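Just below is one structure, and these are the notes that go with it.
Order as written gives the chain letters A, B, C, D and E; numbering starts at 1 within each chain.
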């Protein structure tokens, strides 16, 4: 456990001595709940349509696929036409594109960012490395199957899929969202323990709260 | 001034019109900027979709009471600014709630939203938020100076602080506009307009490439929706003030739409092609270029 | 031939100046005290010289100078009376200075005026 | 009535009687000498009473039964009675003080003491020149003898040096007397004074051969007794090495006698010598004060001070022709003040073990000794209600009347320097750690003289109040109430607090109908506002000694200030509130240097006010404030400048602001709001009066109000700008006060209706929100133990009420609409539309938004951001500090909603000075010539919109997950520690890069170099006294020959 | 390739270096690049000599090779002389078990990162190198350093990471030939998964 996270005794300005436990005091330790959709069917459909039409991707390039996302911002492919744009903070993003091999160290950061996104959130895995380890199938450092650790809505195959494939994938994702079948967040919340067990099996020094709000 | 209750529904109508116009105008401007980069650009209704999506988000987090109230202050600032200034000159319906206060109220009410938002961002505990606010405040103080000078010059010229009277003085043909009767003041005001519209070269505070989007870093889903609503209303309200003071106000809605579009295009045209200033460079730029023109304006009147 | 008062006055003032010169230049305490006594004697000479009138006698009323004729024959008696007190006072002050000099010598072991400079600035 | 000759006879008789006693009966000898001295004091006391009440006429004592030319005569008039009483009383108390020393030295020492007192009495009473010489010599011998009382071995050398100079003096004096006798024919003073001469009456004898030269010699000899500048090395050595009791006698008694001797001499010398006496007095006064600056030995410092004070009395004597019948009141006022204070201070010095100035910190063991020490310092520097204050007031007014501005200026400069080193010393006593030695031994025979001196000081203060013909300060209600608290120190603090609050409110209620609308607002802020802030006093337990007298002294000053009709009351009130606030600020933890700089700036300002009032009064004793406008045009420019600078030192205008940040930041939690919220308004009140009466003034063609306009604008800019760069919360608020005062100054200088209204709005607003902010930040600093903003953070959850107070405060300061700050800005905009001075507006427009910078920085770094570990268990601020804040919040909101309540009458009142451009108050909205403002509807609309939007957000975002401080999107990483994630240090780095060059501390550097120059001059000056007796003798001769050469030149 | 007479050539450098340190012979790889062996103790002085005297101012890389069979680690310091466009590789052999080598971070500060990586990946200790034991890529790694040849990555991957069943590997050449010319080589159904070697 890192030095700054250990429990420590602190004396306040008025001499009162008390204990500070960083993991309990600095982080909210609530667990995620399953969020049911809106009451009315029609309202949920409207929201799903809006979510489909305005996909905000988190700017977090994990592997070699990130370079494939850049052309989408250029005039040739222009993802903005489909209501897709990139947001710097996970708070405001609702799509997390895992673009390539995911080392254990990056997985830890990916989990933290994923958990900081708000409920209807989707994960798209790019390339064969997220599917089955790809050419790093025998690597000691990369995970082999993404959906063991994060609820993945869509895989776009290819080593690395070209921007056209990405656009096709996003359109496919839109269909899923509009159909209401992209409930990865609820799935993550439902079997949270299973996901967390898998993650901890691979990430040994887990110096964060279980769910990073 | 007796308070006739009819003003409220009419001002809500103004609010609705301006809100929709704001969303469409922002989308249009985004498309123009895209077309400059030879990109197709977002569809015009995209802002609506983003708004609905953000309102539709199921979970939110809250860092504390004032974090929760930040966007409320911001939106109240935007709506208030719009309603305290008469949108259409001469029409009994669209003079909004301008009876309450005059130009000074509008000038200082701009800071109400900024202050509330700054406090909310501060409470999020994110260092980028505080850093963004510090940069924003530094830039705004320098940007406000030429605008204050221009407003004072206009007040001196027309010997009044009431917006309605200023617009009244500019009616009757294009040559009565302050643009022509007091060009220096308008020049200073427009330079300061560039600074307050958060577009390059002065968009360091909210630029995604800088520290992630400054103050609203920790805001998301319904908070962000409120901020988006404000981003539709607040720029229009500010432009309305510029229109009323310097460009002869609007007597009917089409003229209003046209003038607001053209004024906004000034900052868009400059913004699309220019790089980004650091904060001290923008402060120096304002103090070296915009303020002397402002001083000339108040001396010349 | 300058008359007697001028000679007396000259000697008196001469003595005073010598006394001042001695007090200011000599470093030893005793020499300074001596210089001051010289000056005070000079003053006494001057006092007496002022009271002198030509052709008059000492102000002693006896059978030679009766009280009635005295006013025309004697010199002005007042300075001479004053000089007595002045001499006594001079004596007192000199005695005190000698006592101080003695105690200073006991303590510092030297009589040089420049040695007693603890109190300065 | 006892025969005055007894003064000499009893003293001499007892001295010889002591000789008859055996050696071992010392206690009896001591008792006898005490009884003798008591009788000696009783005689002149009865005479003084009789002469003062006119029952007796001055009496001539013919020693030999024959009229003067044939025998020596002594006179006992009013002056002589008073002086002999002073001498004998000092002698009595000194003998009492020297009990132990006398008992082990034996009866001879007592005899010498009695002879010394007798000689001094003789010096005062005698009218015969030679007799004068005899008593001078007797004093010299007695002094040299009594020097040996001291246990300091260096006294021997001092005694010898003194005797050397005494020898010179006696030589010159004797020759002078003889030649005077030769020329004037008689030794009697009255004879010489009236001696007819061929050229007319008066000092005819001087015209005889040698007469002028004789007088010159006598004059040089007697002035040398007064320790004039070059020739006072020996006096300083005596003061340093003598036994403190004897030094008291030497300073008080022999100084007095010598001064009266010179006074008698001057009566026969003609008026052209008065100029010489004034010049010598002034030179000694100034240079001695300068040389006292670098001193750190307490007795030598007191030596320099007494030499200087003697010089001042000599100046008084030199101005006798100008003062006329007030001469005795002024001269004896200065003399008595010096004598009592110096005696008291030397007696205090006798108690101290070490000689360092900070060793006096042992005084803190006995609070009444601190009161004595403070009274003596106030007595010396001439602060109210002591005689020195009345005397200096008369002296300055006469000097101003006769256009003698050089001596006036030099006297005030010297007094300022003296206040500097004395109150620096007072700061050491209150603040420095006491020496490790045993607590202060204070046996009864040493305590009694000090007590008598203290009672004497206050008695003289009362007496001089009566004699001055002005208002008797001690009997004014506020000051009496404040002094009452000196007696109530033993009560617990909450009782005293209740009393103080009740007193303030009662006084306000009693004097309610004396105020015109303008004064009413200031009275409200001073008294009722003060009472509200005093509520915070309940938060501290214990006795809090020293707080309530000083606080009420300040409030007394403020109360009298508002009610003052004439310049005397105004100036006395100004000085009272200055001293009171100095003692208040000094209580702060590290406030010593800042309190001193505050006092010096305020006293400097006060002396400018004094000069201004004196010039305006043109010789009259005081000037009614109402006809301040009636000053002739030639003077009004200068009066305006002097008074304006005086008032601007109190409102910390640019250049005179260096004291404010330190003073307000280092003061205690509930003192800061008093000093910042209330005291700054005294300066504004003064400026209001000034501009109301004098209006626009020209000086050499420059429009003065225009200059103040620029000063106001620049102060606002630099105040706000520097506030943005402070790291210490209270310093940030202090700098912000400077900025706000700049705004008020600007409003005042606009010289139009709305400008003054804006200034008043600022006065009210600034009081409310600055007191609130200082209280809340004081509470936060008390709880978190630090004032540095970057050490705090995230306190919003732990101290919500303080947060609300600060939030409301910053909304009000920034001028954002709903609250009253906006009212001020609205009136400001309407005001500037009327003026034609445009350029300062640019600076003020720039200063406006800068206020946002430091306001956001204050609230963010303290309440928002990351909560540090050690602050996790911080409790809310104490209840009694929160209560005033909540009162202020309510006050602010009420004032925002209905500003009319406070401003309506004042608006009418100002209309008397500026009829056009007023506001019309119809219904809820306020309409001016240019625009309209409806506070209630603005608040309503904003409230409604806010509630609607808030409801909408609540509906949309019902279940927000409450998260803690590290749940932030920190680039997918875990934030390291709260300290590293709280952004507070160097908050406006880009601003510093852009405008950093404006924050160079030029003013501070200027004042520091000035202070260093004075110290260097002092250090250089004191090098003159090399300690070598011969050098001192040479100095004396140089002084004598210089004076003689000058004298020969002036003789007609 | 000018003979060693030309001072600027690698041979010249080698000759001069030979005079100072017990070098192996020069193994030129191509024009401007050669390798030479030298004992471990001489490496740091040789490197500083090359840097200060011979103008080899740029440490291109520091890597290691695991000679499992000879129980040796071979460290290669590749330095480059920009002006003369010469690259010289110094090869040093250190024993595998007490894998320790003198740190050269004081000659080149960048070497600290290389040494930190070698420490994590090979387990070679460079005493005195700054932040040597801080996690570089592998956080909280509990197995033997992965770059060592006696570490079986495939086994580790299978044990630690969840696999997706049904993964097939096709030889790309034959697969494409089958896809493009199905008639030329019948019987090979491209869709049938070949077993993995």
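FYI, a residue touches a chain if its C-beta (ideal position, glycine included) is under 8 Å from a C-beta of that chain, and two chains touch if they have at least 3 such contacts.
Just so we're clear, the structure is a prediction, and the values are computed from it rather than from any experiment.
Student: Which neighbours does chain C have in common with chain D?
Tutor: none
Student: Chain by chain, through touching neighbours only, how many steps does the shortest route from chain B to chain E take?
Tutor: Between chain B and chain E, the shortest chain-hopping route counts 2.
Student: Central chain, going by Cα centroids?
Tutor: Checking distances from each chain centre to the full centroid gives D.
Student: Please flag the chain sitting at the greatest distance from chain A, going by CA centroids.
Tutor: Between chain A and the rest, the longest centre separation is with C.
Student: Taking each chain's centre as the mean of its CA atoms, which one is most distant from chain E?
Tutor: That would be chain C.
Student: Have a look and report which chain pair racks up the highest count of C-beta pairs in contact.
Tutor: B-D
Student: Just the number, please: Cα centre separation of chain A and chain C in whole Å.
Tutor: 115
Student: Suppose each chain is reduced to the average of its Cα coordinates; what separation in Å results between chain A and chain B?
Tutor: Comparing mean C-alpha positions, chain B is 35 Å from chain A.
Student: Report, in whole Å, the distance between the mean C-alpha point of chain B and the mean C-alpha point of chain D.
Tutor: For chain B versus chain D, the centre distance works out to 55 Å.
Student: CA centre of chain D versus CA centre of chain E: separation in Å?
Tutor: Spacing between the chain centres: roughly 83 Å.
Student: Among all residues of chain A, which ones touch two or more of the remaining chains?
Tutor: 89, 91, 213
Student: Please list all residues of chain B that touch 2 or more other chains.
Tutor: 59-61, 212, 217-218, 221
Student: What are the touching chain pairs in this one?
Tutor: A-B, A-D, A-E, B-D, C-D
Student: Inside the complex, what are the residues of chain C that reach chain D?
Tutor: Chain C residues touching chain D: 16, 19-20, 23-24, 27, 29, 32, 36, 39-40, 43, 46-47, 50, 78-79, 82, 85-86, 89-90, 92-93, 96-97, 100-101, 103-104, 107, 113-114, 116-121.
Student: Mind pulling up the chain E residues that touch chain A in the complex?
Tutor: 137-140, 142-143, 146, 151, 153-154, 156-157, 160-164, 167
Student: For chain B, which residues count as touching chain A in their complex?
Tutor: Answer in residue numbers: 34, 37-43, 46, 49-50, 52-53, 56-61, 208, 212-213, 217-221, 224.
Student: Can you name the residues of chain A that touch chain E in the complex?
Tutor: Going by the criterion above, the answer is residues 103-105, 108, 131-133, 137-145, 148, 198, 201-205.
Student: Considering only the defined contacts, which chain D positions touch chain C in the complex?
Tutor: Of all residues in chain D, those touching chain C are 130, 134, 137, 140-141, 144-145, 153-154, 156-160, 163-164, 166-168, 170-171, 174-175, 178-179, 181-182, 187, 236-237, 240-241, 1022-1023, 1025-1030, 1033-1034, 1037.
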